[in-house]
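Have a look at the structure below, then the notes.
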Amino acid sequence: MAVATVSTQSGAKPKRSRSQFAQAWRRYRRNYLAVGGLIWVIIFLIAGIIGPWIAPYSYSHTDFLNVNSPPTWQHIMGTDNLGHDMYSEILWSIRFALEIAFGATLVSFVIGIVLGLWAGMKGGIVDQIIMRLVDFMGAFPTFFFDLLLVVKFGRGMGPILMAIGITGWAGYARLIRGLVLSMRKGDMVEAATALGASQMHIARRYLLPNVMNQMAVSLAFGIPNDLTVMAGLSIVGMGLRPPMPSFGNLVAQAGSMMLGFPWMMYFPAGIFALTLLSYLFMADGLSEALNPRGGD
Amino acid sequence: MAILKYLIKRVVAMIIMISAVIAIGYVMMYYTPGGFFTASNIASALGPLAAQNPQLYQQILRDFQERYGLNYPLWHQILLYIWHSLTFNFGYSMQNPSIKIMTTLHTAFPISCMLAFGSIVLALIVGIPLGIIAAIKRNTWVDYTASTVAISGQAIPAFVTAALLVLLFGVVIQGVLPVNGWGGPGHQILPTPGQAVLPIVSLGLGTIGVVAKYVRNSLVDIMRQDHIRTAQAKGVRYWRIVMKHGVRNSLTAMITVIGPAFAFTIVGTIWVEQIFSIPGLGQVLSTAFTNDDFPLAITSIFILAALISIMNLLVDISYSLMDPRVKLE
Amino acid sequence: MPSEHLLQVENVSKRFRVRGKTLHAVENVSFNLDSGKTLGLVGESGSGKSTLGRVALRLLDADGGRVLFQGHDIGRIPKKQLRELRRDMQVIFQDPQASLNPRMTVGAAIEDAYVIHKIGTKSDRQQRVEDLLQRVGLPPSAANAYPHELSGGQLQRVGIARALTLDPKLIVCDEVISALDVSIQMQVIQLLKELQKERNLGYIFISHNLAVVEYISDEIAVLYLGEVVEHAAAEDLFKKPSHPYTQVLLQSILKVPDPQSETTQALMHIKGEIPSPFSPPPGCTFHPRCPFAQDICRTKKPEPRDIGHGHVVSCHFAE
Amino acid sequence: MAGHLFEVDNLNIEFRRSDDKVYAVNGVSFSIGEGGTLGIVGESGSGKSVTMMSCIGLIRSNGTVKAGTAKFEGHDLLKMNRKQLEHIRGLEIGVIFQDPMTSLNPLMRIGDQIMEGMIEHHYATPRDAFDRTINLLGEMGIPEPKTRFRNYPHEFSGGMRQRIMIAMALACEPKLLIADEPTTALDVTVQMQILALLKEQQEKKNMSIAMITHDFGVATNFCDKIVVLYAGQVMEVAETKEFIRRPAHPYTIGLKNSIIEVGQRDRALKPIPGMAPTLTSPPTSCSFADRCPLVTDRCRNELPVLRQVDGNHMVACHRAEEVLNHAV
């Protein structure tokens, strides 16, 4: 009768193999904080994209009749000491934050991938030089370099984006080089080499698919980091030049007034904190979902 | 002997690295339109003085020219500047030529150190137990809560935490803790205990997160390692295994995160001092930058970079002392 | 230059630099291999047998000596030509899981060889993959499985199938059975033997398991600290082990006792472990552990000597 | 059945997996006499390691003992709480593991690791424990024990680390030593050294050994009684001599035929086809049936129980007698 279910021979049980993406998503979905984070990040992205159209005022519009106004129907998040509508300011901040953070992360990421792959696959003196450079960039907070660069090149969108971008690649380069090295030494690459595969083929078919996961995770952590750096520049007065709003500017500016007009701090600081939290929960969930640590 | 050789090697490497930072800073400033490292720029900055006190003006101008070697080629100026910095001969601030930079550092540096070390200590005291508890109760609500707290700390930068704390203690529950300032009349460097709480807490939260998460993950990994099973097979009590074989090993590994955490904290101090109006190095740095006071700005960066380098060296040495497998080389 | 041999390894050496110290992985090793024959490389860990196998395929570059494959010096030929040549020389690894891309199905992994060398159409390739799977004893459905879904034995069959894709003439089998259970080991050995007969393959069979090496090989080289200490036809080696190390190795194998004799094997052993390959002992590298060591062994390195019928031994006292 | 130091009866163990259960051990019974050496032989996944480890409470957290007893000197280990087990482990039962490279704490001096058990069990005062450790290291064949005491694991070779593991396991002179594949990770020449050392220590201290191994050569030369496990079930139990002379289970015979020994160049191979199953429901028929050359309908429908066929020779096969009488 009920014969012992013995899974022998035939091996392939296609049930599980669907796709790794589906499995990762299944794990991700179970993590409520990560899902919450993802939802907020999506809202944030949408706000960034359509923000300029739904913002009731321009970011430089000043309403002199309603200076330092608490939230009202007219200004749902109040106004600041110059009569800027906080709601509009925040929408524009999201826009600028996204542009700079995504742009800077992209720049860092591209530099990191190129240098990391180069160092890892080439080895030898190239590797030595690149790694010395990585060590140097990693030894001190890149924030110092960002400050110097911003002073040199100015406080506009472009310069800030580039400053954050060209100082932030060390981590990516180190990660990718490490992954490539660990795999290059492994049997997998050796087996492909033995088949006569070219370096290009190995990189494309064997290395990249296996480093994708970790790269996605490090990217997910990279964006909130760049958001923080960007705001941090404003805190020391080196961020986007007003009147362009940014979370950093809004927080810095509210710093001196928040005891009297706390809403100037509530909204930007709250939304910014929530955003960073969401990004981190999302990144953390992503890393757990893509690289499950086995376990019980 | 080996240690000595290692130390010399490390210190030399450190000096080279810091020199590179200074050089980069100098070059940037040199080529910045408003930069001060040209004779004409200095002359124009000292403009009003020329009329008021021509003699002093001439003297300061000569001073500057000599100090920065403004008549020499750029590489010479850079070397000269590096040499001055490394010998702690920082000269005068640009904004306020009568004040020696060293004098400014005298008060600012200890304040920033207090903030940074205070928050690191706080992070270790809170983060380590939090990580241990999360690891032992892994995959329970305790673990999830601790992990969530840790991530939150990591996510929210110190200036936002600081701002929110100021709102909390300045608006919601007033009068419990002071929300700005440092020291008082007669006490420039030492704060009142109350003054120190909020800055240190807002700085420390991020590091608490980093430490707790690291301890938690490494402890979970270690408790799955074979040698833990060996200890169990010896009949060692559970708690002793956790502490002696688990936590001890995981703390050894944790030393390596103190270096980066310290660097992270240093940047945090710059922000937090801004929010709480604390007259530390961070505030010096940011005023220097906003006022284009480049000698002061570069010097502040130099001091902070040196501090971080020394800390990294200490971390590496203590790691090699804790882990017999690590050799200093 | 007569090139009747499939593979000629001549005075090959390989060193690694590890943190400023030199590791002598392979020292001055020579051997020949013909089509349809198997050369066994035996040795304990650190003997350099795996490194030698990789040098023979130029997966590692030799530091000295040369390797001729069908008369071509594979250390000299340009990369592009080498890639073409690789169709004829393949490798099977100890850990098939590690040698397969976890993100490629088994079918894709096998097919990749055809993709690399641009052989056949898509459906053509798939047919070949199915044939190969069948040949190594796996159902065609296995092509859709990912490596983590198969057992060790099944994966090793995949490893074999992949090595066969390009119809090679030489296969290096690097500890191919040591990660498998006994009952599965036998299946794999049998498969390898059959394939050799069918396709006239030359094998370099690397293993620490003397009995299996004896079983499958025509000739055997015993390695100790990167050097060949004894090289002979398989029968000769086991009938008349002439290097003390070979003798010790043979005595160290625990056989299931003979049902008739009823006595179990004495647990006799030699002292010491393999010295660090970073600082091999002077003279004969085996002398610190050798039960017969004399003064000469401590100072003078023994030259390989033919003691008859191509039985070569590197020992001062072998006869 | 008196005089048995350690007796496992009808042990059942299950492991939870993400979407099913694995029946890893199904009704395993055996015993070890005082001073005896039992070889527990099986391939990977046969449950040989899990069986012994679960008896002393070192089972992975997703595994549970569902039924059975494991009596050590008459006391059921499976009924003991953590404290009681901790008291038995190390003091009464010592363990050696397979991989000496990872089984030692890398950050602790090896001397301290050996002493730890003695001090924990109040077996010796710290001073005595120190002296004993030095002696033990010497006995294990580690030169210069006084200096080596202060070394860390990474400063030793694999063979030396396994000697340290043995010193640790023997520190409190346990009555039973569980050796879980103690030589699998070692080279053959070193394997010999370690086995000889174990034998010598066993004779000196009159302890029992449970040798878990996949290697018939090790089991038949080292042990005086052998248990063969397959799919978490005992296939055959016999004294080693009987086991060598008259194996009665087709699986045992197949396994023995699978071993290639020196001097068998001309032998034809007769591998066991297929592979060992992973049971996801309790066995109701012979688990070996699919691979067995002697399979009958009965084997596919009825679970063979372990039964005595001759003296102390037990077999779980419907056709054991036929095999023994060379009727098949």
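For clarity, chains are labelled A, B, C and D in written order, and residue numbers in each chain start from 1.
Just so we're on the same page, a residue touches a chain if its C-beta (ideal position, glycine included) is under 8 Å from a C-beta of that chain, and two chains touch if they have at least 3 such contacts.
Note that this is a predicted model, so its numbers are computed, not measured.
The fewest steps needed to get from chain C to chain D, moving only between touching chains, is 1.
More inter-chain C-beta contacts link the pair A-B than the other of B-D and A-B. A summary of chain positions shows that the Cα centroid lying nearest the centre of all protein Cα atoms is that of chain A.
Chain C has its Cα centroid 55 Å from the Cα centroid of chain B. Note: centroid distance chain A to chain B, computed from Cα atoms, is 23 Å. We define each chain's centre as the mean of its Cα atoms; on that basis chain A and chain D are separated by 52 Å. Contact with two or more other chains is made by residues 151, 154 of chain C. With touch defined as above, chain B holds no residue shared between interfaces to two or more other chains. Residues of chain A found to touch two or more other chains are 9, 296.
Listing the residues of chain A that touch chain B in their complex gives 33, 136, 139-141, 143-145, 147-149, 151-152, 224, 228, 231-232, 235-238, 248, 251-252, 254-255, 258-259, 262, 265-266, 269-270, 272-273, 276-277, 279-281, 284, 293, 295-296.
On the chain A side of its complex with chain C, the touching residues are 9-14, 16-17, 20, 186-188, 190-198, 201, 205-206, 209-210. Across the complex, chain D meets chain B through its residues 56-58, 82, 85-91, 94-95, 97, 99, 102-108, 113, 116-117, 120-121, 152, 154, 165, 168-169, 171. Residues 44-45, 151, 153-154, 181-187, 189-190, 193, 208, 210-212, 214-215, 234-235, 238, 248-257, 259, 262, 264-265, 267-271, 273-274 of chain C are the ones that touch chain D when the two sit in their complex. Residue ranges of chain B in contact with chain A, taken from their complex: 17, 20-21, 24-25, 28-29, 31-32, 139, 148, 151-152, 154-157, 159-160, 163-164, 166-167, 170-171, 179, 220, 224, 263-264, 266-267, 270-271, 274-275, 282, 285-286, 289-290, 292, 297, 301, 304-305, 308-309, 312.
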